[in-house]
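In this document, chain identifiers A, B, C, D, E and F correspond to the written order of the chains, with residue numbering beginning at 1 in each.
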């Protein structure tokens, strides 16, 4: 279903493949329409030096687009400079995941969630959060046997979606074509229980008013609810 | 007035010194309580290669904290890696300024707005936007003689302020002490005419609900109105 | 089949999935036992400046291991320094692919073959060459419609395999466990018609004699023949 | 007073504002004509690893020109490479300050003197030394209560000035206009008691003879005496 | 003797000057025809952190071409990126030297063998190995008094030579002129007792068959025997 | 002759080997006592972009210490950061050489003078200038046939020497042992006709007075005269 025919308040088709990397159960291939992200969570039995000895754990994230994920090909971040967009996105993913985890219950373990985009068609940061959560939850199960979402280090689920304003119409879940046309782009990160974790609304050389903000948030909330269900199904 | 005694809905004291660098009229020393930012706008009669020949201008921003602006001393970003926070902030400043400028009316000129923090006491990014706008407006007056805010390349003014949630109380304009204690930190960028440019609300390992969001935005709008008045007075 | 039970002269199980990235027909998911490499070939209608105007094309390769492809997690090459092993491998892949392509028949087009390792279990460089060839051949079909292997820019096929010496036994196709135990490690790159492109034999703090060399090469030749068949089947 | 009318043996007007950064008493805004440098000294209760356990302190300096300090705008040193001129200058400042301090009396404390140029009109390195000394002296007062210049870690004062040869006339204290025209440029660093710390005389694609050297040094000595008085007044 | 007149199976003239750097007996000026390499071995009484406490030593190598060693001048590797060729070569030198040393007998000492090319006329990597071995052997004599090649940490000698295929003729020891014309370039590293350490045969956009491989290896073996004699004479 | 027995006003033994790199006549092996520097001048028939079209030439210099030139071994400047000392020295060499060359007579040619220290025993920067001048003069002969020192682009010769203050004794030409003991270290660059090009006198956590300065300069002038004779003999 292309973006023109998809109703304005509807998510793209989502597919979640758990254990995609056979050697790592905490690996998830997350597809949302044409966007494909490989999320893997790696557990290490130590924490960064500045956290040592506090009995707490740490969660961080890295984001990367593979060169072949987009056309024209994207150059690798190898020149010593990570581009600003990459930095922003991986900080957002990390904060979002830390918002729903109780680091005190994780023990002195570190989890790195890597989100590598295999194919990019818009919404790669929100897919990374939504898929990254599933990988994180699986890694936590390994670190803290018996823990489940809501009972153990993972206090709640977390998912993310975009909404945007295109020619004065508010739309949910922007693919590349919609994103390019959007005057306002909003990313919302929210817990399974409906609390905001992060709101980032940006007018691209444009502005928006209170009423538009309200409608953007309403659609995003609806989308998150749908994603939460899919996350829970995958982890069940 | 320290942050404890300041009412929850009140801005810090703001002072604006235009022409602080004698050789550059588009230089502004912007003080908000203990936060001091030097904003200078430099005009160059050309645009980046990827924009050449379109008859349009370009506006960008750089943000930096001087080593002595904070204690302990902050190391300089000289090792080839700009830290992620710096990157995020300067991209935000650039987007905010571009939201209110009509690049088509600027001619093939580039303006770089440098925001160097001399003393940091919280809110350096919002101070950079609010002060940076004034420097930008002065530089545009030089590039396009006779232009004023609302009549020429500068379509509207823009200012920014933070609000936050501290022990379930919503407060405006967080200084360092408040910011450290905040569970939710929101930065709002808004035009003089009351339209949103950017909303960034972040739960620091915490979440927030709809009612709290509404109150955060209400306070921010009030603060922006106050800053807009000060900006216009400075430019008058 | 693990490496202990696999006969010494037998390849691992190979699976080739063409068009793995839906938007790019020149994308190949190549699996050799537990090693999984995503090879994508990106075509650009220009050549590097030093080649311009000669009417010739260019082919280059990049190699990368995803952080989650190995345990413990591999750090990304983001600090401005590509590690030496990565550099060596991607230069080898590039030379191998250029050995079988007639750049004069490619036109002024560049093809970059990206080999991203999703799961590493030994033999990632040879898998990258073998899978990368398939991606390259598909990209050439797009650049030069109607061309096939042996008729057009692609003069021959190319594939690669390892052989090694473990406790004085010569074995084909080393997985991670075998590679770690090997005293001598040899990588052979060969065309479909049985010509050598590259031989790299290395004693790891060890040496080898003429008879061992002969046997290593014999096994490698046998392995390459098997891989060539699989490549041709995939492209058929 | 512009450089044309100022007598050849006279200093520019100097203004010294101590405690310019309210939170740091060891901060100095130093103005010499159109050159404005913010010097801040930051004290840390430790020394670099290679000095630990010797009971001695350490003093170092960093120099930087803000982008807006000059026209056209100066790019930031962010690309991983500090330009050679910056390196030379900050090493000179550090050596000059260490020449007058008894590190044995400082305890295991480090002081970093940051010299950030807000406006550049020639003589920024000498202004950094002269102003940096004042910031250093204030920081030492904090580290070693009761110490004064000449009695405690600070054995003597230190100041610096330039002199140059322009159309065969020897002139003191070159501003940008004079510096650009100078055939020979000499920087002299001297203690309050009249001893040389450093002499750097450079013919810019030119040379100079003994008599000219003597006159350059005579003028510099005179200038330093004037600066020493101003330093002592500021610290009184 | 230029490369045209030299018989196809003959080495270039080799000269070895031991103790070239007067202060370091483990320094060797190695000349092979027009190729001149300065090899120095530096001994340090410690090992890298990851090897500490094992009672073993470590040997590593660095390779560099001086800017004036070739025409046009070669830029220095100072931009933070060592070029791929340099990386490959110094890894090869290091592996080759470690193949003949018993690190367990070296004690917790590190030896770095630096190979700096003063003049480049082809074969700099093989000259570096052959000359570097002599420097290494001298440094080991210092670290382990009384040890000799074959009796102590140095189990065997090691040397290297190239062979190549030029217009279907197999030739030994390629100088720059021959190397530029070669379709196949093979570097062989071999011990004094005739065992292979490393074989690297590369078709430069070309391929080679079994018979050619056999002949390339036969010539290389002959060349290595000649070099071994020279090494032993120099060390005697 | 070691530094203790050498009279205070006497140079070390100097040896100059022209054409040390057989393929480059503008290569000089310069020895001053135990200090050995290889100076090569490379000519390129173009100038940097910022100088193009002015009909003028350009001269620049690079300085480097080989790892084996000193003990303990010096790490290479490969990490993307050239250390400050290296930067200072190569800028000094470049300025010194440009002081005696008429770039207008050089045509649009660039000459890079590389000074690579093979063995370091103090005075490497002055040896680099003195030896570098000879290499430069030879390269100019190639670029501008028939030119000689004083008649053509090279207006005068240039040489450099150090002098220092050790236990209140003024000494000429400091080797490593003397340099380590010196309280004041002065480097003087002077033309063959006795004009100063550069004076750099530094108190290493020490100071010096007028009488000492006079004596340091007198000795340096005497040393330069001796070096000039040797330079002219070498070029004759």
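Keep this in mind: a contact is a pair of C-beta atoms (placed from the backbone, for glycine too) under 8 Å apart; a residue touches a chain by one contact, two chains touch by 3 or more.
Worth saying up front: this structure is predicted, and the values here are computed from it rather than measured.
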What is the shortest path, in steps, from chain B to chain D when you may only step between chains that touch? 1
Hypothetically without chain A, remaining chains sort into one piece
Per the C-alpha means, the centres of chain A and chain F lie apart by a whole-Å value of 60
Could you please state the distance in Å, as a whole number, between where the Cα atoms of chain E are centred and where those of chain F are centred? 33
Can you compute the centre-to-centre distance for chain D and chain F, using the mean CA position of each chain? Integer Å is fine. 28
Which residues belonging to chain C are in contact with no fewer than two other chains? 79-82
Partner chain D, residues of chain B touching it in the complex: 21-24, 27, 34, 36, 38, 40-42, 44, 62, 64, 66-69, 71-73, 76-82, 112, 114, 116, 118-119, 121
Contacts from chain D onto chain F in the complex sit at residues 80-82, 84, 87-88, 90-91, 95, 98-99, 103, 186, 191, 194-210, 213, 217
